[in-house]
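Each of the next two complexes has chain A plus one other chain: chain B in the first, chain C in the second.
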Partner chain A sequence: MSTHEYDAVVVGGGVSGIIACLKLNSRGFKTALISRGDPACCLSTGCIDVFSRTDSPLDGIRGLPPEHPYSLVGRKGVADALSYFLTVMDEAGLPYEGSPRKNRRILTPIGNQKTTCLVPKTMADADVPGSEHLQVISFKGLKDFYPSYITSRFRNSAFSVYDAGVATTLGIAALFDRAAFVDSFIDWLKRLEIPHDRVAIPAVLGMNDPAGVLEKVSRAIGKKVFEIPTLPPSIPGLRLFRALKRVLQNRGAHLYWGKGVASVESQGKRIEAVTLATTGRSARVQGRAFILATGSFVSGGLFASRDCVRETVFGLPVFVPGERKDWFNTDFFSDGHAIERSGIRVDRTFRPEDCRFENLFVCGSILAGCEIMRNQCGHGLAVATGTAAAGRCAEELS
Partner chain B sequence: MTTFEHCVRCTLCVENCPVFKVNPAFPGPKQSGPDAQRFRMDGERSVDDWVKLCCQCKRCQVSCPYGVNVAEIILKAQLKYSREHMSPFSAHLFANTYHLGQLGSLVSPLTNAVASSGVSKKIMGILGISTGVPLPEYRFFSLARGRRRRGRFRAPRKVVFFHGCYLGFNRPDIGRGIRDLLAGLGCRVIIPRQTCCGLPALGNGDITMAGKFARKNARMLVNYIDRGYIVVYACTSCGLTLTHDYPEILQVPEGKKIAENTYNVHELILDLIEEGAVQVDFGEVDRHVAYHVPCHLRALGIGYPAAGIFEKIPGLKVTILDDNCCGLAGSYGFKKKNQKTSESLGAIAASAVRAVDADSLVSDCGACRMQLGHYAGLPALDPSEVIIASLLQSVSKKKRDRRRKAQ
Partner chain C sequence: MIKTDVVIIGGGATGCGIARDLALRGVRHYLVEKGDFANGATGACHGLLHSGARYAVTDPEAAKECISENAILRMIARKCVETTGGLFVRLPGDSKRYRDTFLKNCEDAGISTEVLSASRALDLVPGLNPAIEEAVVVPDCSIDPFRLCMLNAFTSRHKGGGILTHHKVIDIIKERGRCAGVKVLDRFTSQIKEIRAKIIINATGAWGDTLARMSGSEAPMTLSKGSLIVSNHRLTNMVINRLRPPSDGDIIVPNEAVCLAGTTSIVVDDPDAAEVDPREVDLVATQAEQMIPAFGSTRLIRAYTGVRPLLKAEASDSRSISRGFRIIDHKNGMFSILGGKLSTYRLMAEKTVDAVMAEFGIKTRCKTAETPLDGQDELSGYPLSKRLKNMNDIVCECELVSRDQVENAINSLGIQYIGDIQHRTRLGMGPCQGGFCTYRALGIMQETGRLSPDESIQILKEFLQRRFRGIRPALWGDQLREEQLVESIYLGILNMGHAQ
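The block that comes next holds the complex of A and B.
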């Protein structure tokens, strides 16, 4: 069995895990990241929701209960983490915009508006005032994107359909990475002679340099242009994940992808190593400290059976609110569900409560009390708690 | 092991599928794998001819957070389809790359001349073989014809080198480099008589021939393992076949034992360094390389060991690129019907390589090097070539220093 030694080992390759790993790596620690598969962030809009129930996320956080992970990070911590995220994305060549002091709204494929905080540059102009005229562009055969959903909600709007020859978001995005295709698309747009103020295009403007493509299109037709995030397969989500991963691995962190943790080795109060379920022979990944960022139920960090909820890697105690019968709620979105509060409870140092391990830290949506659906705080919480847990972990290491 | 029933239809596999991205005829891994699997029955003849469009890069399987064996489901459907239908001539030809290699290297000047001539390109076109990327050249002085033992007999680490067909017949120079590199790091290296790992046969729907190759290799390898040797591979596709397909798909009885005793060559070198078994003095290499990670190295789940060694080489700048399949996928891209897919994917991966402004590209996989060397127009190196260059640099620097001291 091969053994690989690190200062810090992060388990979970989503936004919180990658941010935690990046933060530790930038402080000079030798880091590894283990992930069983790609994260749910690839399916998301790519926008960073921080707290969507109030106009200003930072003000809204103030009203959260003391056990909410945001309260543990603190408002300054959240703001610093988000500005760190913005610098990382600039480095990655996928610039983001926004401030945690003010939420913004973006257009969705069903024509309503979603409240979010930081957005990729390609969605910077997606907050369309009702007074403006909107032109929606779609692609022939594109699945789950019906421009009339949008135009029916805007008084002054119209749509046109471009035939790209392929009908999937991934296929069209691959075409937009070619300069020749972008040029022919622009020619077509020019011929349309759009009278409207803004132009909305589904988020397929390439994998490599969407902001560059957007700028080229926008300059050519002299209008504000923006992307509308689509249903999965979602290109902006995939771009976000790949950009974060690219920065991480090119800064020298080691990634173990596709195989999960098979077993955990501990001695007394410390976790010594985890064993990877590689093909054939297993490998030992040894660390001085560990960060758990495996996500909640959807990502497999938590697993619910009939009689209990388990944490799947270290077997940590899981907080579950009340009885099973209390979890039901007929309204899916507005109030959230009690089960959303379940997860791992941590103290101010992001170490799990009622747990013997001293060198383990937890971040991301596996934390108890996040209520991501209710607060709409998914990626923001991931960024904030990932940064905070990495900070505490760095203190432990030095 | 999770099966198609554990799929939650999240589409992460689809986001990772190279073929789905460029070929609208392929419905993607979710539909060809878990979705269609519910309708596939043993007694019924396969109608899903599009499963053959999958290039078996295994990216779907690596991305699946639920551990569903997507690529394996598709591979089994491909094998079932091939069993029930006549395979085209090109499939039979590519299933036999090993025999082609034996013949090709024996009469290598003739083979290379014929393969690159205009007339034979036309004939190949008729036979369904694409000539978009030049076919690899054969070398007469194949790896099997060179020195087959290296290193002290009593060396602490005994290694049997499974080089596979590409290093064996087409690039024996790289194979000999790895042999000498391992011997230099204190290993006893043996290059045994070996056949093809069986992957080309599997990929072309010939499970019987794959099984024959596998059993022959397994007997030979287990013989060495029982005598205290470990198996080392450099070609990541051979490695994946040995460690995954032998026990799982081909059901070779010795498969598990082989899987437990098989190492990637760079994994072994890293182990030797980290255990302190050898002191390695890496010399400066002033280069910027784009490291295109082969899909099958990702599928092995062992991380990127060559990148771990590159970190230790002073002066070497490495940009890791692991989001693209090169599109050649063994013999996949050499088939006429896949030519367009392969070209599009090659162009995408090559543009990622060119975007990082490197002076050369590095990849563990011979097929990736062939394809991307062609499309990116950069020298394509095996990681071992970079490592050897660094070690030679340090040796010559030491010599220079000694000479200077003597003066």
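The block that comes next holds the complex of A and C.
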């Protein structure tokens, strides 16, 4: 078994884990990131929801209970983390827009609007006033996109269908990475002679440089153009993940991808190392500090059995609201189910409560009390707590 | 206004069986059903074609009926029945004396049995608990209740009978104290239709008393809910029963790619309000786990409950054919068929129609026992070989349902309801329980002009709510992960939550 030594080891390759890893790396610590695979972020809209229940996320989080992770980070911390995120995305070549002082809206595939905060450049013009005329473009055979849902909500709108020869978002996005395809798509668009003010396209405008493709299309037809995020697998979600991972690789952090943690070594109050589950020679990853960012149920950081919930890497104590019969309301559409509050409770230093380890920090959706669905705060919470946990971890290391 | 001879209310196995029986005897009839076929207990049972062994000790009459109907249905409904065979397994601690009585009573009822050693039983069903003492082979089968209803209705339709699903009876028309017909509400068009008939047959199962009361009579019953769970895997190819007196959670039935385990028995008042309690899920899962240990670790995809329309114990009626079911002549032009079970639906239909024919004063022989169900090749189910032919445009990835199949259901069958598409194609029956494909199927219905975009969204909301009712009692493990993903799609990406 080979041993690799680091200052900090992050377990979990989603938004919070990668942000935490970047932060530690930028402060000069030798860091590694372990991930079982591509994160749940790939299934998301790619937008950064910070807190969608009020016009201003920064004002809104003031009203959250003191145990909410945002309250632990503090408003300034949240604002700083989000501006850091914007810088990172510029560096990654996937620029985002927006400010935590004001929410904005994007269009959904069923034609209603969704409140979010920071959006990729390709969705900057997605807040369409009801009075405006809208042209929706769809692609032949795309099974998760039915443009009539959208056109029925706008008085003067129409849709046209382009036959790209493939029928999946991933397949079409790959075509948009080729200049020749973009040109022929533009020729087709021009021939439509669209009379409308704006053009909406499902989010398939390439993996590599969507903002560039969008600008080219927009300039060629002289209209505002924007993307609509679609159901999983989501291209904007994949772009976000790949961009973050790319920055991490460029900065020289060490990635153990596709590997889970098989066992944990600890001594007294400290975690010493984790051993990776690999098919070949197993590796022992040693660290002076560890960050847990494995996500909630969907990502596998938490796992519920019939009568309890466990944390899957370190076996940390998990806060669970009530018994199983209380976990979910009877109404699917209700404003947040109790199970959403389950997770790891942490103190102000993002160390888990009721836990003997002093060199372990926790961030992201595995944190107790975040209520992501109710607050619509997923990626914002990941960015803010990833940054905060990395900050506390850095203090521990120095 | 429609004029006919007999109106059957209820599109479960019994109602559809009565329609077919009438059709084969050349009697004009209409069947009305408030939902789709198999809307009540028929669609919410095990899908077990009893050998009768389950009743051999407690109810020998019912056992005899079962084994005789079992043989008939294997012959006439080949495409609905999977001849899995069944095992009664005896676990350590289960009474050996009960086993002896069981074997003797099976023999008396004409049910063939074969006692197997534990190791031979494990050869047949490797997933069995290796600690079993022994097992008894019986001719249990798995049956598809929905297809059974469809096929019975198929014969009726082809012989001129009228079948109106999604038509709810809102009134019984009475003339000179007798039932003269029904008023039904077409749930799709909201139109009210009048159907005039000489006889009304009340085959509404758990809703029997409600209907009887509409005619000014009553049909006392005891309603008992039975809850079942569905595993994501087919853990056994044979029906597995516990060799002990009938009790909660003693049956596991393989069905297509899944297994159903049940049941419980809890008396309820209102069949429309019956829901699964998470404790019932725990109870059934724990019991099933004792017979097939993998039930404990396998992902459950949902739970459901059906309401059994049981006969009131104290009432004894001269027309009572067995302890299993009873036909009531309300002496006002209405007949009610009460009690019974899926396995004996054909016999129940036969006896009901016999009673109606006696009322009409006509003598015709029942032909349903020797005539195979029509349409079995057209509606031959969901074989994988058919599904793999068109893999280009899959709408439901779990059950491999293509866009063509969905469009065909919409266009040629004239389907208006998403549930009807699901029943006929298996769309949405897999592990995600329609989390992805229902949105797509509704998109297609909307594109074909069947629904407006607003209607389509409204139906999607109702579907998600209904789906959640089935999933909620069994939410843990991987199904909980899936559920949170589905939530993030509808409440996150599509922003369909209440706040919206």
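Methods note: the second predicted complex is superposed on the first by the 396 of 398 C-alpha atoms of A that agree within 3 Å, B and C clash if a C-alpha of one lies under 4 Å from a C-alpha of the other, contacts with A are read in each partner's own complex, and residues count from 1 in each chain.
Assume contacts are C-beta pairs under 8 Å (C-beta built on N, C-alpha and C of every residue); 3 or more make two chains touch, one makes a residue touch a chain.
It should be emphasised that the depicted structure is a prediction, and the values quoted were computed from it without experimental measurement.
Visitor: Could you classify chain B and chain C on chain A, in the superposed arrangement, as clash or fit?
Guide: fit
Visitor: In the overlay, answer first, second, both or neither for which of chain B and chain C A:Leu43 touches.
Guide: Touch partners of A:Leu43: chain B and chain C.
Visitor: Looking at A:Gly74 after the superposition, I want to know if it touches chain B, chain C, both of them or none. Which is it: first, second, both, neither?
Guide: A:Gly74 contacts neither chain B nor chain C.
Visitor: In the combined three-chain superposition, what is the angle centred on chain A between chain B and chain C, taking C-alpha centres, to the nearest 10 degrees?
Guide: Reported to the nearest 10, the angle reads 90 degrees.
Visitor: Touching A:Gly212, do we find chain B (first), chain C (second), both, or neither?
Guide: Touch status of A:Gly212: no partner.
Visitor: On the A-aligned overlay, A:Phe333 touches which partner chain: chain B = first, chain C = second, or both, or neither?
Guide: Second partner only.
Visitor: Of the partners chain B and chain C, which touch A:Pro321 in the superposed model: first, second, both, neither?
Guide: The answer is neither, since A:Pro321 touches no partner chain.
Visitor: Answer with first, second, both or neither: which of chain B and chain C does A:Gly258 touch in the superposed model?
Guide: A:Gly258 sits against chain B, while chain C stays out of touch.
Visitor: Pick one for A:Ser152: touches chain B only (first), chain C only (second), both, or neither.
Guide: Only chain C; A:Ser152 stays clear of chain B.
Visitor: Considering only touches as defined above, state whether A:Asp177 meets chain B (first), chain C (second), both or neither.
Guide: In the superposed model, A:Asp177 contacts chain B only, not chain C.
Visitor: Of the partners chain B and chain C, which touch A:Phe303 in the superposed model: first, second, both, neither?
Guide: The second partner, chain C, only.
Visitor: Note down the smallest distance between any C-alpha of chain B and any C-alpha of chain C in the overlay, whole angstrom.
Guide: Shortest inter-chain C-alpha distance (chain B to chain C): 6 Å.
Visitor: Pick out the shared contact residues on chain A: the ones touching chain B in one complex and chain C in the other.
Guide: In the superposed arrangement, which is not itself an observed complex, chain A uses residues 40, 43, 167, 232, 234, 300 for both chain B and chain C.
Visitor: Report the residues of chain B in contact with chain A in the complex, numbered from low to high.
Guide: 10-12, 14-17, 20-22, 24, 61-67, 240, 242-244, 247, 256, 258-263, 267, 270-271, 274, 298-304, 307-308, 311, 318-320, 322-323, 344, 348, 351-352, 355
Visitor: Give the list of chain A residues in touch with chain B in this complex.
Guide: Listed in rising order, the residues of chain A that touch chain B are 2-5, 32, 36-40, 42-43, 166-168, 170-171, 174, 177, 208, 232-234, 238, 242, 246, 249-250, 252, 254-260, 276-281, 283, 299-300.
Visitor: Touching chain A in the complex: which residues of chain C?
Guide: Going by the criterion above, the answer is residues 277-279, 282, 285, 393, 395, 403, 436, 439-440, 443-444, 446-447, 452-454, 456-457, 461, 464-465, 467-469, 472, 475-477, 480-481, 484-485, 487-500.
Visitor: Report the residues of chain A in contact with chain C in the complex, numbered from low to high.
Guide: 40, 43-45, 53, 108-115, 141, 143-144, 146, 148-149, 152-153, 167, 229-232, 234, 296-298, 300, 303-306, 324-325, 327-328, 330-335, 339, 373, 376, 378
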